[in-house]
Amino acid sequence: MRRQLPFILVFAFGLFMIFQYFVPHESSERAYEFLLDWTTIIGIFALAVGIWSLVSVTIEKIKLRKPAWQYSFFTLAGLFLMILFGFTAKVDGHWGFHFYTSEGLQNPMFRSFFDYILTPIQATMFSMLAFFIASAAYRAFRARNVLATLLLIAALIMMMRFNPFLGPVGPLFEKTANWLLNVPSLAANRAIIIGIGLGMVATALKVILGIERGYMGK
Amino acid sequence: MTEALVVTGTNLGVVISLALIAGGVIWLLVRSLKGKEVERRVIFGFVLIAVSAPILFPITFHEQISPVVKAVFDKIESLPAGSTVAISFDFDPAMAPEVQPMANAFTRHCFAKGHKVVFLSIWATGQSLLTSTLDTVVRREFPEKRERIDWVNLGYKAGNQGVLNVIVSDLRKMYPTDVNAVPLDSIPMLAEVKAFRDLSLILAVGGGFPGPKEWVLYVGDPGNVPIAAGAAAVTAPQLYPYYPRQLIGILGGIKSAAEYESAMVDKYPQFDSVDKPGLRMMGPQTLAHMVIMMFIIIGNIVFFRSKRMRSQL
Amino acid sequence: MKRILLTTTFLLLLMGVASAQADSAAPSPPAPPTGVKAVDKPNDHGHAVNISWDMSPDDGKGANSVVTYDVFRWIPAYMDSVAQIRAGLSGIRDTINILDRANRKWSVLEEHLTGDSAKLANDSVVAAQRIPQLRADLKRFRQVLASAVERLPEAHKTYPENGSWRRVGTVPAGQGKYSNVGSKEYEEPDYLPDFSDFYYRVDAVGVVSTTRSSSEVSAPVHSSGQWFNTGRTTVLVFVLAFGFLTVLFVRKARAGHDLYVRPLAGIDAVDDAIGRATEMGRPILYLLGAGTAADIATIASFTILARVSKKVAEYQTTLIVPCYDPIVMSIAQDIVKTGYSDAGRPDAYKEDMVFFITQSQFAYVAAVNGIMIRDLPATNLYMGKFYAESLIFAETGALAGSIQIAGTDEVAQLPFFVVACDYTLIGEELFAASAYLGREPLLLGTLKAQDYAKAAVLLLAIVGLLAVNVGHEANVEWLMKFKELFKVID
Amino acid sequence: MKRSTYIVMAVMALLFAVSWYFKAATYHGNVMSPLVAGFMITLAAFLTLAIISFVYQDNPFYKFAEHLFVGISAAFWMCQSFWSTIVGNLIPRISTGLSKYFGQPYRDEPWNFVYWLPVILGILLLLRLSSKIGWVSRWALAFIVGTTAGLSFIRYLRSDFMEQISSTMVPLLAAGNSGESLLSNITLSATGPFVAMLTNWVIFLGVICGIVYFFFSKEHTGLFGRASRVGIWILMITFGAAFGYTVMGRITLLVGRLTFLYKDWLGLIS
């Protein structure tokens, strides 16, 4: 029972979700809305488990003096400082602990940490792609075989649009690039998406029917 | 090669950074002939310089105008001076960096040719962007053009394509007054314009819904008015099916805006001094793309040279 | 300024209307629409009615052309009493909210205030004492409303006494249908009761809104919810067909039929990669992607992780699984734990093999980058949903000299994995991977089912294509409609 | 630590202080005090540089930024979801006392009791922290996997599968919707019916070959193998084109960050 019950639950809820799609009746609709709400609520409890994992792994790292352990103090400091800001606020001229209203989210330090620490780091991490896209192009776009050559030529044609020294052949590249984006890409994407759709449907079915049990440790 | 590169201002920084990139690439090419790989930090360094230099120093490239863009340019050129043209601002601040340069270039071009311009917006968010074009382009660069004689601002009207459906046959039903509550009948430049089908050209700048596509379907086709589109790069491909029959031309993305600005400078040298955001934003793009393409070529040279060297051993 | 503008606009509109009236001295109303039919909206949860009519003969013609059609429903006076109860209810609710908020704010500050503000604060605190009373009222009102709503069908039976016609919608000329859709929540103002006699009427309206003519009243209609959405029959057919195929091939596989599967380079590489890590004495990094447990790609990744973790345990190599989503982390912990105990080495499993980092995309990337550079894993496996981070991972991994195998169903990221990784499982191959790795006949059977479904797709596409083309050339209506079978109506 | 490390640290600290001073002195806003504003802008610039330095090599500054980033972002998401989901959606439905405490209007609706179920499942999930009865947390996970599998099953069957098949069925002889007869006007104009027809053929055959490539249980030999070969070629062309197209967007991102450094921080350009 202890081993079987999870699979029975998967089967029951999976089947319900499939059949509710065909039933437009009010009762089916309500059940569907409830189920969606439930998953987000359970997700928050999971977040607590997640934060616990983060904290314990970080402390473990400090205890065992793993590589770069000193920096783990910054993780803990950032975490607790931000939580502190998130629950304190200055309301009508008085600083206080605001566990019972979301004013904490309006705390100026909470906002500044978001604006001056989270946002710049996030944007910079994202912008590192400009470097990596160049190094990946250098490393991988080599005419090793037919497939690699096709990859290379298509990429070059797309990038040639930005070459101002082409003169009269410039528009030709532009046209070819547009064609590549609109015709073969459409075909390839459609083939990939049909395959993905099938793969997903098959995986979902395997999970619901209990054929695939690997996801729950067998 | 010299013709394509327009270095505005004999700036030392420009010369140094371009020399750095060109010299570096030649050095790497020589190395690659010996089959030596380029270290990735060198690539990163080149990308950094290629992007930084045009931001710090104004390096712009002359853009070869493509036929879809040239069609719009030629249309505005070919209209007799004094024709009435409408420019619609159908976009929001997020899209503005890409499409507002187009709207500004259209405005300059129309005024330079002596056309009369009707400004309007069918996006609520377009109104403030329209105002900014009026302030930064119309009033500042063309102080001699008088409101309601040379141009008029109709402002925003809610109703999406419903608005278009009406103004194609009756402008005053939807817009009894302009944005300052002046009745249209007392506006001289609109005396002959009873509906949008009376216009010589409509320039629809935008990329979402409603946008150029709706202008074609609700105004261009039923009213038989030529329409040209300025759109964001992501939405431009969806407009191509309408070209050239229903749309006389399309500007898609910042590259097209830069091409238009280039063409403007060629024809009207007086605009060389105004801000050209399209061309300005193209600098880092062009240089970075060139650098990455160079590295792909170098990579292949290294690959084939080292393969040959290995087979010779 | 705004007011002036509005007034001017209004005056001008009035003038316009007046002049229009003056121009066409007393226009005659357009002929009324006929054949008004009201039916329950099909395939829905109830609370909606579809109305259709034959357009007025004057629609689209000359001076007394139709401008709009106004749709009217007969509404019993009792409906208004219900609306009043409803308004009372929401009034009480608002009052409670306002008092509650004011009380919270002022009760904190009361002692710091003087003069008028102190009085104000005191007043609001006193007023807040009414809240419990108001809550009781709210409950009472709710009961009254609930029982009042139950009597609505009865009230509709009194037609045509004790009620009036009210406009429920307007459509422009040239259209002959309208959907009167109401809310299913009886506390909403636009609630439409089910199982009540609804009567509809449609007016043809001319240029001036007073020139109108009414149609006959439709036969009474009930709205109700359905138990099967006929618009989705094709989907059901596909569900059943696919389910049948899967069960069939799984049974075949069980019976011991040998199934061929073509080799996939990415899958073969997984085994080698684990061996390589063991030889080098370096760990294996497994990323489940930025998806949640709600993504099938993540579930597919779980099944791969199950097989990988078992092999890793057998080879006695270390596994690192940093997670982006806490639920994904919980599931992954169970999987790896079971994988280790299945391999007979439960003692080798450590809690910090699978851990949570953060739900912020680039913070996760930053941390994983750090792991790649500092722990130098021999092999990086990226399976699941990946977004912009794909290329950052793949390039950092290449920098660290790891063998990289990726698999994702995120079409936009496939190019980056294909370019920067050693092996990539493209789309569907990701979902097939667990069957390949496990080599269990049962799972291979489902691959066969997938292939048959693909063959059916090819067949359908070709048949559909022929149908559309022949239909187009020969102008056969039903052939041209063939493709609409696959369109799902919502 | 080596002596050079100390020197680098000291130089960085000095530069940080200088930047702090100048940014504080030139701050004109009134949102926060100049001292705080100067610190924050300098910090943002410092963190930007610290992250970019990773492309050169891993270093203490990157390590610092990375660890700080992880802690702060985890807390940020925790605070956000606590207020939006627990306080915003759950508490007003399950308890009058708690909703009063959190200042949320109590939502007195029928069926509210069903919201106790996710709470129970959530608590089961928390029990995984205990090693003895941790196995009950699987019930909660089973619930989530079951519902999402069922939901996805339908969603993908519909949108990724059926809709894509139907859009493959396009007229191959006549050109789209124009209704003109093909043979009467063959032109090579880019939008003419002939080219449109050709495009439709390429798309159709491309889709067929692409699907053939994904067959698992049939050997890719003969005609089948050739079709699969064409399929993978088309896939590769698509991937190359997508890669080349994306370069533009990624450069824009870097332009944005460098503009922040050169303009907002250093004030080199106006």
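Lettered A, B, C and D in written order, each chain numbered from 1.
As a working rule, a contact is a pair of C-beta atoms (placed from the backbone, for glycine too) under 8 Å apart; a residue touches a chain by one contact, two chains touch by 3 or more.
Keep in mind that what you see is a predicted model, and the values were worked out from it rather than measured.
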item	value
Selected pair, greater C-beta contact count between C-D and A-D	A-D
Chain at maximum distance from chain A, centres defined as averaged CA atoms	B
Chain with minimal offset from the mean of all protein Cα atoms	D
CA centroid of chain A to CA centroid of chain D, Å	5
Computed distance of Cα centres, chain D from chain C, in Å	18
Distance between chain centroids, defined by C-alpha means - chain B, chain D (Å)	29
Whole-Å gap between the CA centroids of chain A and chain B	34
Multi-chain contact residues (two or more partners), chain D	51, 54-55, 63, 65-66, 69-70, 72-74, 76-77, 103, 125, 128, 138, 141, 144-145, 148-149, 151-154, 156-157, 161, 165, 168, 204, 207, 211, 214, 235-236, 238-240, 242-243, 246-248, 251, 254
Touching two or more other chains - residues of chain B	40, 44, 47, 51, 240, 285, 288-289, 292
Shared interface positions of chain A, touching two or more other chains	18, 21, 39, 42-43, 46-51, 54, 68, 101, 118, 121, 125-126, 128-133, 135, 137, 139, 141, 151-152, 155-156, 159, 162, 181-182, 189, 192-196, 198, 200-201, 203-205, 207, 215-216
Interface residues, chain C side, partner chain A - complex	43-46, 104-105, 108-109, 112, 184, 225-229, 232, 235-236, 239, 242-243, 246-247, 250, 292, 294, 296-297, 299-300, 302-303, 305-307, 323, 325-327, 329-331, 334-335, 337-339, 342, 351-352, 355-363, 365-366, 370, 374-375, 388, 391-392, 394-396, 398, 409, 411, 414, 416, 418-420, 426-428, 430-432, 434, 438, 442-443, 446-447, 449-450, 453-454, 457
List of chain D residues in touch with chain C within their complex	51, 54, 58, 62-63, 65-66, 69-70, 72-74, 76-77, 100, 103, 105-106, 108, 125, 128, 137-138, 141, 144-145, 148-149, 151-154, 156-158, 161-163, 165-166, 168-174, 204, 207-208, 211-212, 214-220, 235-236, 238-240, 242-243, 246
Contact set on chain D toward chain B in their complex	55-56, 191, 247-248, 251-252, 254-255, 258-259, 262, 268-269
Interface residues, chain C side, partner chain D - complex	93, 96-97, 100-101, 104, 135, 138-139, 142, 234-235, 238-239, 242, 259-262, 293-296, 299, 327, 330-331, 333-334, 357-360, 362-363, 366-367, 369-370, 373-374, 412, 414-416, 418-419, 426-429, 432, 444, 447-448, 450-451, 454, 457-458, 460-462, 464-465, 467-469, 472-473, 482-488
Chain C partner contacts - residues on chain A that touch it in the complex	18, 21-27, 29, 39, 42-43, 46-51, 53-54, 56-57, 60, 67-68, 91-92, 94, 96, 101, 118, 121-122, 125-126, 128-129, 132-133, 135-137, 139-141, 151, 189, 192-196, 198-207, 209, 211-212, 214-218
